[in-house]
Amino acid sequence: MFRVARLIAAKDLRIEFRSRVVTNQVLPFAMIVMVMFAFALNTQEVVERVAPGLVWLATLFSLLILVQRAFAIETADGATEAMRAAGVDPAGIFLGKALALAAQLAVLEIVLLVLAVVLYSAKLHVGGVVLLVTTLLAATCGLALVGTLYGGLAAGVRGRETLLPLLLLPVVAPVLIGATRATEAALGTSGAVVSDGWPWLGLLGVFVALFSVGGTLAFGPLIEE
Amino acid sequence: MEIVVHLSNAVAVLGQFPVLAGASLTVERGEIVLLQGPNGAGKTSLLRLFAGLLPLARGEGTVLGCDLRTNREAVRKRVGLLGHANGLYSDLTVTENVRFWGSTIGATEAEVEAALMRMGLAQRLKDVQVAKLSAGQKRRTALACLIARRAELWLLDEPHAGLDAAGRDELDATLREATAAGATIIVASHELERAGALASRLVEVVGGQIRDSQASPGGEAQSQAAG
Amino acid sequence: MAALGIVGMEDVGFILATYIATFVGSIALAVYYLRRGRRLAAQLPPDDKPWA
Amino acid sequence: MTDMQLTAGQPANANATAESFSKPTAKTSATGTPFTRILGIATVVSMALLVLFGLFLSPEDVVQGESVRILYIHVGTVWVAYVAFGVTALSSLAFLWKRTTSLTWDRIAGASAEVGVLFMALTLFAGAIWGRLAWGKFWVWDARVTTTAFLFITYIGYLAVRGLGGSHQQRGRRSAVVALLAVLEIPLVHFSVKLWRGLHQDSSVADTTKVKLHDLMLFSLFISLIAFTLLFVWLVMHRQRVLAMQDALEDKGLDYALEQRRSEGGL
């Protein structure tokens, strides 16, 4: 299972490295979303207060695109079917694709955070770095896991573009809430302190634990004919 | 002889349409069976059924000793399917593709090299991205992926499509070698001359059923030569 | 309507709207099921209706 | 297989031979049985009682005034909505347990989710109006309210997955897995919203729900639970039967299509 996962993650990342869809298309998209948020929210004070939330919202929107892309490379030439035909362990496919997605998301989130510092004058504190990094890790894993799970279900069915957000967005709500609050605590947004953030990280941890087990079990039945 | 594929009155459904409407067929080890029939007759579905992809709606089926009704996933690791789609990643090179599909069942680097060599991809093309290949070259790459998988039962859907003369010769030689090594091959093809010469048996598929099964005249000589 | 007579008009409207929406919604679904059931039943032999 | 049955499958494709099996004497519903008829009558009677007690006989509340009457609807529908999703989850589990044997569990899960979505919509509607009267606003970011909204959307997604097509077994397996994943998700949503609201607690919710209940109010709530539970059972039973007939008709259509398919080659 883990051997297959490593194989698939390496393949996905190699494809991404060659095609540069994330860097050339998804990142610019996420950036323009960040700028648009500022237009919609108008004043500097409001933007500064909600900066962590905007980072995670932009991540969620980008997640939808990344998941579509991750499964488009599989369905383009019948590779999903070829994988099933080759008897590749579905749990391995799930973990591998989630791993590759997590790596891409992590890059995206770091860029968005830097952007939040630049555009929304978010402030990084030395004391909050540990919390911030752990939050990024946990939230990234959570998003990648559920994204892969529902992306696999929606891949190859009619109306996948509309079905995926309908299934995915309600599920990632706890990540949005948890990651935003933890990030606020880490950045000290509107007077939050670092210790406020740890309970939220617990929530993210439970989320990751549940969906890594649930997803590993569920992915096979979901993609099977 | 050992029976590799046994179908009895198999019905398979795609959506609500019965692609297979009661097909019965027995294939023994070492055979090269050619499925022929008009478009939409059910050749591809038959291959997908053997590969354990399509669920059996009614009837019985056994492939390599695995019951298709209860245990169709088990058959997959031992079967190699070349479908209409090649299953290649267009951003990866030829070698990377073959290596990826080979390693899903743990093929070694030497086996990957051998597969590339076999389909004439070891030289100029091996580091070219699949997106830049012609249709025939992609087909060759897909075949190389299949060879690297060392399957016991080969299921080929129009393998000759898009291949040039040299490619066809290489394919045919590969298939003969495979059967000599104990593999069984089922080919769906419209190219009777080419595939008929290779096959040991012709099977006609019509309306989701097996109509007729007869020994191929060209194949008799072939199987004797191989034996 | 004695109990309702003493409250302001706005509340009565809201309360009645809730009751009406609930009953109309439930009845609409029930009627849809019954009609659909009747149409399908006409096309099926009794063997396929083990409850009948 | 008789010729009659073959033609019976036809309407699945061509809308031709209707009425071939409807008994001329049976004017009653096709999905009804004596049991559901009694259930239906009980539902109507208890609904009438609910209106009588809820709107007329029970007094207004000291704190909430007349708006308490909405709760007699709200409590019943929200109870049924959550029961419905519980039934969906349990039936999905039962279906996966012995996958090959029983599509009935799958159909119960689907029927229950569909009815549940209706009741969830009614719950949200009644809740919003009650909130408007009691708190002066339609929506409050309370954990229960928000979880309910998420449940609503999640099960709309579940119904969309059921409608994706494929074989009945595939539909059953896929939707059962999605239903069970929702069971993982919903408590997490509830917990996260609760934790979130815990930081910015406004006390209005807690205060107004602490009403001192009159006996007649309690009795009205009790009737509400009974009435909506009966309605739920009635709806699910009928829906389950409709779905069973739909599946059977598709299977019949398959028999017919098989004949067609076999005759393609002139066999």
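Annotations for the structure displayed:
Per-chain numbering from 1; labels A, B, C and D assigned in written order.
As a convention for this text, a residue touches a chain if its C-beta (ideal position, glycine included) is under 8 Å from a C-beta of that chain, and two chains touch if they have at least 3 such contacts.
As the structure is a computational prediction, the values presented were derived from the model and not from experiment.
Any chain touching subunit B that also touches subunit C appears here: D. Of all chain pairs, the one linked by the largest number of contacting C-beta pairs is C-D. Comparing mean CA positions across the assembly, the chain most remote from subunit B is C.
Computed centre separation for the pair subunit A/subunit D is 33 angstrom, with centres defined by C-alpha atoms.
As a whole-number value, the distance joining the C-alpha centres of subunit C and subunit D reads 13 Å. With centres taken as mean Cα positions, subunit C sits 43 Å from subunit A. Rounded to whole angstrom, the centroid-to-centroid distance between subunit A and subunit B, based on C-alpha atoms, equals 39 Å. Across the assembly, subunit B contributes residues 55 that each touch 2 or more other chains. Each of residues 12, 165-166, 170 in subunit D touches at least two other chains.
Multi-chain contact residues of subunit C (touching two or more other chains) are absent. Applying the touch definition to all chain combinations yields A-B, A-D, B-D, C-D.
Listed in rising order, the residues of subunit C touching subunit D in the complex are 1-4, 7, 11-12, 14-15, 17-19, 21-23, 25-26, 29-30, 33-34, 36-46, 48-49, 51-52. Residues 11, 13, 15-18, 21-22, 41, 55, 57, 206-209, 211 of subunit B are the ones that touch subunit D when the two sit in their complex. Within the complex, the subunit B residues that touch subunit A are 51-55, 73, 75-77, 79-81, 83-92, 96, 100-101, 103-105, 129, 149.
Touching subunit B in their complex are the following residues of subunit A: 4, 7, 11, 14-15, 18-19, 73, 76-79, 81-88, 225.
Subunit A meets subunit D in the complex at residues 149, 153, 157-158, 163, 166-167, 170-171, 173-174, 177-178, 181, 199-200, 203, 206-207, 210-211, 214, 218, 221-222, 224-225.
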